[in-house]
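To keep things clear, I will list the structure first and then write my remarks on it.
Each chain carries a letter (A, B and C) given by its place in the written order, and its residues are counted from 1.
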């Protein structure tokens, strides 16, 4: 269990980011290091300006799914950003922005939420991933 | 090949579930154990009430994709639920519902299709996954 | 680093295919063999008739995402097909079409772009994957 878990986050909808946050927190709780690499719409969701916003759900959620998520959101469940913050307190979680996606979406490093630890290229991502699992979300 | 293949199923559209079922059946045929962890819309698709329904396709399928899938569905191809059932007959396939997603979507254990073997948390999922591949679909 | 990286490409939108191409090129640059298995809408995108077309973006991209991608496309960034071609020049990249998806979408081998090296079933995919990572995109 000492190889890191490596998550490539591509999607920026609240349901996929919450699924990613739960996988991150679970791994961190088991003492497994987690490397997160933010691309495209997930990167956009981790900017200061947008991290607190509603990012919508996957289209398949439909009205029924939307209602279920809203109902629980009002009750108890933490947002994905809160769950990510807790996971960072709990274990070794490193969040890096993909430099190519930064260029693509024209995002500057200062625009990223403090949850993001830095910016790196895909080569650095692979080198940090070592022999650990790579999961694309 | 004796480490399990671990599939986290998130999406509940028929095309992604069919892709997941094919990967499951292929692994089972090779004698590889498969652990499936159902989250969000995939979990919803595995309820007794919905497993037999049309779950739509990914939005990118478009009209042309829809027609291709319908044409083959009427001819020979098994549904994803049938392929999953065959995979369970063929090999060691364990399907677990994510307890957090059960809460989120307000689904009770009795509402799940008998294809689902139980309900577990993300920690149990990781412990069963061991050093095997984790694939998010 | 000598086990291959194994990408199952399912989605056929330009943003996901570009993310896949970047992961492929990065692995190839590090000397890691890459096996790509094309299913559903990704397979459709690799046909001669469609590889040069606009394949749209994930629905979550929205208007703002669309504009960002268009702006960069007009400037410098290579298309995903060009990046895949460069990755094949750079390293050991093998692209196979999933035989079941070929049947489903009624695509003949001659219709595939020359980037695709052949057609295989899921069992062959697993055997080539060995103990390497499997990533579903």
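As a working rule, a residue touches a chain if its C-beta (ideal position, glycine included) is under 8 Å from a C-beta of that chain, and two chains touch if they have at least 3 such contacts.
Here the structure is a predicted model, which is why all the values come from computation and not from measurement.
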| item | value |
| --- | --- |
| Minimum number of chain-to-chain contact steps, chain A to chain C | 1 |
| Residue-number overlap at the chain A/chain B interface, same or different (half cut) | different |
| Rotation, 0 to 180 degrees and nearest 5, that superposes chain B on copy chain C via CA atoms | 120 |
| Chain centre separation (chain A, chain B; CA means) in Å | 23 |
| Junction residues of chain C - those touching two or more other chains | 58-59, 133, 135-136 |
| Touching residues on chain B, where the partner in the complex is chain C | 3, 5, 15-16, 19, 22-23, 25-27, 29-30, 32, 58-61, 65, 68-69, 71-72, 77, 133, 135-137 |
| Residues of chain A touching chain C in the complex | 8, 10-13, 39-41, 44, 55-56, 58-59, 98, 100, 103-106, 121-123, 125-127, 133-136 |
